[in-house]
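Here's the structure we're looking at; comments come further down.
We call the chains A, B, C and D, going by the order they appear; numbering starts again at 1 in every chain.
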């Protein structure tokens, strides 16, 4: 205690300007004066808390160790004497009251019967900013919707009269047991939607034998998540490669040391996409209303996503793969492959798998769905003798809302499927219990659909069980003949008497 | 009379708890204490009638003999002295009053001019629970709608200048005369929608020479239906195969003894589908509001369908077919074939026919329509010399609403078409008269369409009379460009003066 | 005058029952007692006028000579002394007042800028019964709309840098000059929509060098129409072949004698289609509210169309063609060909042309559009050396609303195009002036589109000027994923401040 | 000054009739009596200003020199003594007040985040007549919308793991540097939407190194635009070829003398299209309410477009190309090529490029999009060895709203893309700043999309980066089965309690 500097509220409060700016986070005092111009979210939002306790604003959108990692040690000024800090009496806003009423009016969890229900509930109960960040996708949001619609273009060819008394949908992913052919894919900033953030996922996954992929941009710190693991629980980790490779090396090796079973390197995000819902939300957000300093590249209208991503390295390339293979023994998976050409390169680069993904529609808009890419990838790999290969697994993510979707992807060659937003919406609306219910819904649906499909194990899912002939059939309607459509009078049914309806 | 135990109301009323639970059904007293946990619909609903007369609740969703079949003889306690049972003064609920008003406001039957009209009327006049049970289909209800839309993808190629003074749409099905190339397909729980249940179908079918398929899950007992037959009236029977094959054997052989002309074994329902409309309805139903006992597999949110189906055997397989062929001389038809592969297996298994069906969209969602499957099935059978074969008939069901639909299926190779819901909705809204009107509508439409198509008999329906090239064309739209669509200002027509419209 | 019997009102009024029923039509008295049961529209409607003057009800839906043609001479009782007939003071109904107000509020004719405008105006100002009769089509009205949409599936390939200073869209049809490659196709019962009926067409056609096809079921008599002809005006005649061929022979030979230039035999209507809009209208019509006598085949809910068509012969067949060729030297055209097979038969039967038509969507529903059939017909005829052949012309009708539509059909091989409803709606809303405006719109559109297409004469219209690859592309959407669609939140544009919009 | 006639207000006012009609424009007096019947917009609109100052009405829809060019010198009567002209006190109309309020309520420019936003703002703040003129397209406006939708039928195949630290989207167009692979395409009558008209484009283009194409029908005169150029700023010029070739020759040679770098000859407009939105607007416009003199070909309902275009020569043909090549050394580009056939002719005619365009959907409706034509054109040229050829550039215009659209066109072979309306709407809603923002949006989108696509320079855009297989896939839906659609009850999500939403 002797060599810990303890500061008082008034001392900190004296540094409340651009010239000298201290803030309190989690009981510690930091001098962020020099950092103001480097802050990805802009200096404005920090200056709002200059000389004050910023913890509450800091928490939802930063991992706990973000500040200690990014700020030189000499700027860590010491602890705060909490008793000396003026209490901020926080008013409950109308918006918060409304949200609270909505939370109380939620459908009982037992009434949630499919994954769409979670999204509908989340849309209503989430703070607008969180909904905008989570639900937004890039440009015209064509791809995010295509992800879902692609599954509707694949039809089942179910086989009958097979003894389906018992069906088994468990599998292994990268050699790890999984009770579902589904893993929880990485999503960022969970605390925007629930105070426990990604820990809701961790706890539910522990109870149900599901593997969670930890996001680089999780609200909870990597270690907090791993510390919360149940016995035998497995994790994967998602990686945004930092411009500073040393940071990345440490992160990867730490993950390996903590027992993470797979490293999913994001390769489709050299720059984060323009997500207009998120950008519009920023525009109406009070905190973003002020002017931006000249010379700053990150503008206030760029939304949460781009604010938090400026460290991602756009120079990442195939040349970096050997380095990754050299620093870890974890299986390496490239997340964001979108063509057969790159799938071949990935195989030949010696990684252990690929995720056919468009980042949930959040990156390049009008990119194709992972499911559609799967067809060209398996064909191309097969023609080179690279598929099937037990040492190279193919995953798909994006748009999955039903176990039947998963079965379609598996029939077409995927080993497992990543599910992100549905689990995120589940905990945003019902916490850990929501995630568990989501897993249970998957189980119920897997049981029914595998029976009806005539597949008793996942191995029995074969391409002949689906008709994917329409999958590459991208249809945009010719414009309507409005004059004709408006003039035509549609048929109606027989009328009830006296308009009693 | 001497060896019949006669009990009194107060005696029964004393057994009104989970520990000892007696109920009265149709004037008989039963001890259902041990059965509580086995009841597919859960114990809760039985306990509501513990010590009381349960007949009114029992009737619509059980065949009359369900209780005697499922309960051991020693639990049949005896008759009730009706005079000693306290009368329950039943209040007419607001809901019932509203329904009664709606029934009175129905369009006069003569104003019903197509089968859609029955559905529209039924949707309005049916109790919500019945509508939910009848109309629901599995998951996203893609397949139930695809069933209808598939017919719209087949276009006619009508031939002209043929003498069509007289046209004949009668046929034989499994060797039995039928005035229409249509049979009444099995639907369950008819009393939910009309007090006479499936007898409405029986009586109408008798008057018009149409064959009715009796459902395993009919509200009316098998014998009540057969007893109501008119002279020369023919039936088929639909079979859910029981886990207890002895029950099935008895049922089949009894049907044969009663003169049933065909055994339609349902092969697409090892487990009944998740039907979310039905499940949601259960959630708002009062009786389902209470907690469910632990360990019960059937949850309150599973709807009517799954509650009544737990006896269906998921182990049914091709190995069972020889046994069926050994226990009956009735023609055996497999109902629910969905691929060419299984059609070939069925032919080679020696059955007399198949129904290309997806169970009205109530089982595996995104399964293809029977009509689409028909094309691949006839091609595959033909290539093996199995088609055409007068000893192997192919039927299709699902989505038929017009005689023109039937003609399309027949042109493509079907022998007849099963129609379920339309007849069900006909009697739910107008009783027997509704079913007769539905048959008459078919007759009118067959006469007109065959004339306009240039086919004087069903034999003259040939594949060249349809253009089915679009049938396998599954189109899901690319997502709309909402920003563009919202910005575009549609054209309008010339404006009237002074907004007199 | 001596041998003309003159009757008085009271004398006629004494015969006002089913046992003795006299009516007055156009100043003549008829005994229709025996005819009551034969009246295609049912006896009820006649009995309403028993003993009275029926002229006003008779006129719009019968040719003037219908009664004298169908009733034996001995039932023509004589003339009426008009002064002795009690005047019926006709009340102006609310409906008529509303219509009158609507007529006054019509857009000025100069504001009508396309053919859709006429339809929109007609829809509003027509009596509901007339609109229902004109606009209705059979069953689900798929084909009537497909007729229009088919044109939207053909795209232009315009050629540039041709000297299009002058363009010429005149042509010949069956050797007769026509100022447009369009003829006025037959539509029935014009007086339902305008007191002058089809004469509006005749007078406008005279002024603009357009050929009118006279309908068998025109409200105006054949001779009235021909008598109204301008100098050099040409007609075609449309023929429903009567069960009594002698009537047909007289009609055809009379037409030839009056100078008609082409006989269009309708071959797609052995029975008139079920037109549900028309049928529903009948149901709400007062006059149809009463019971129908037993044994009557024509029911009150069959609409106007079927009531007037019972004389059409369903036995008409290819065998009759030589007879037609024997009784007239007029070119014979078969109207209603729908397949390549029948086009070949027609050519080989020696007729002078065919109309690829589905009767405006009023007969067999889900029949293909004439435009789509055109492609298969020209290909099949060409492969046999039958096309092109200056002695065998091919026309198309149905769905045309723009000169560009006509140009597409001509590029694909049609000689001319029939236009029915648009001219009908033009005179229903604006009388003769409306028809002239419609012709002028065609002229304006032909001039512009031929210039933009790079075709100076109709001969320069070649198949390469259109891309018809999508024409046979019949698309019905897969059902929507409603849960997904409802959950997705569409993008919006930047918001104006303070909701000033 | 001595030989300049100076007139007074009263002198001019004396000539205010059809017999003698003088008007004042920009301080000069003109005798337009003989010109009345030749005025493309009709005499009515001129007569409204007979004897008065017409400048304010004249300006937005004429180039400044239109009157001096079209009126013989002897009709130029002299200058006006401004002090003698009665001031017209102009009332601010309700419409103008409403517009002013809307302008004040515009979203702040920083909230505009995509090009659609400009269009949405323009739609609201523009005078109705301007919006109608700018936004309208021909006939059913199928092609204008198809232009946009075509881009949605091309999907990306992005490549990953390329070092995209720096990306470069600059290029050259006809040898001139351009900071974007986009040029500002010609649009007419800019002053209808902004008092500075096309100068807004010029000034913004100067600041950002973008090339502007000057329209023949610009509101600002050619010289005013060129005079406003910044240092090194480049222009193209768009040409409507005049019936009087001498006028055209002078115009072209003047443009060359002023340093214009390319001559874009419009070849798809021998006559301007019927644009019904524009025509309808004319109908409600006060000034157009009066009768038109007989014999006048240009009617009041033809909208702005046709009124201003009567000088365009419909006889322009391939034979004129050598003459153009002879009168200028500027590169010549044919704007409006729509088929491979004409692209080949253009190449062989020796011009330097073509624009695949349908004139923004304003000419031949149902013509295909430029993007679709691009595929057939590059294939046809390539098969003849004409492509690629650095001396023959291919451009595309129509429907572009995103940098991603541009990248798709470039991947398919275009050298650059023309963008018209989006820049027009940008300055109509925000003046020069709007255009600059539009350019900035393009830059942001190019940076992001090129990174995400894995293309560091425009040369790296290759056909394999797009999936254009659906581009020629023109889909018009089969008509809906309304009875079925209306009867089907869509699924809904779980309900919140007590309808708190």
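The rule we apply is simple: contacts are C-beta pairs under 8 Å (C-beta built on N, C-alpha and C of every residue); 3 or more make two chains touch, one makes a residue touch a chain.
Chain identities (UniProt): A, B, C, D = L-lactate dehydrogenase (cytochrome).
Given the structure is predicted, the values throughout are model-derived calculations rather than measurements.
Asks: Could you tell me which chains make contact with chain C and chain D both?
Replies: Common neighbours, chain C/chain D: A, B.
Asks: Let me check something: if the centre of a chain is the mean of its CA atoms, which chain is farthest from chain C?
Replies: A
Asks: Give the chain pair, either A-D or B-D, that is connected by more C-beta contacts.
Replies: A-D
Asks: Pick same or different for copies chain B and chain C, depending on whether their interface residues overlap by over half.
Replies: Counting shared over all numbers used gives less than one half: different.
Asks: Between chain B and chain D, what is the gap in Å from one C-alpha centre to the other?
Replies: Comparing mean C-alpha positions, chain D is 61 Å from chain B.
Asks: Go ahead and note the Å separation of the Cα centroids belonging to chain A and chain D.
Replies: Chain centroid spacing, chain A to chain D, equals 43 Å.
Asks: Residues of chain A that touch two or more other chains: which are they?
Replies: Answer for chain A, listing residues that touch two or more other chains: 111, 113-114, 116, 120, 140-142, 145, 149, 152-153, 276, 280, 473-478, 481-484, 486-487, 491-495.
Asks: So in the complex, the part of chain B that touches chain C is made up of which residues?
Replies: 110-111, 113-114, 140-142, 145-146, 149-150, 152-165, 402, 404, 444-445, 447-449, 451-453, 464, 467, 469-470, 473-477, 480, 482-483, 486-487, 493-498, 500-501
Asks: Would you tell me which residues of chain A are touching chain D in their complex?
Replies: 101-102, 104-107, 111-113, 116-117, 120-121, 124, 139-140, 142, 267-271, 273-274, 276, 279-280, 283, 301, 314-321, 334, 336-339, 341-342, 345, 363-368, 472-479, 481-484, 490-493
Asks: Can you tell me which positions in chain A touch chain C when the two form their complex?
Replies: Residue list for chain A touching chain C: 114, 116, 119-120, 123, 135, 140-141, 145, 148-149, 152-153, 276-277, 280, 284, 401, 475, 478, 481, 483-484, 486-489, 491-492, 494-495.
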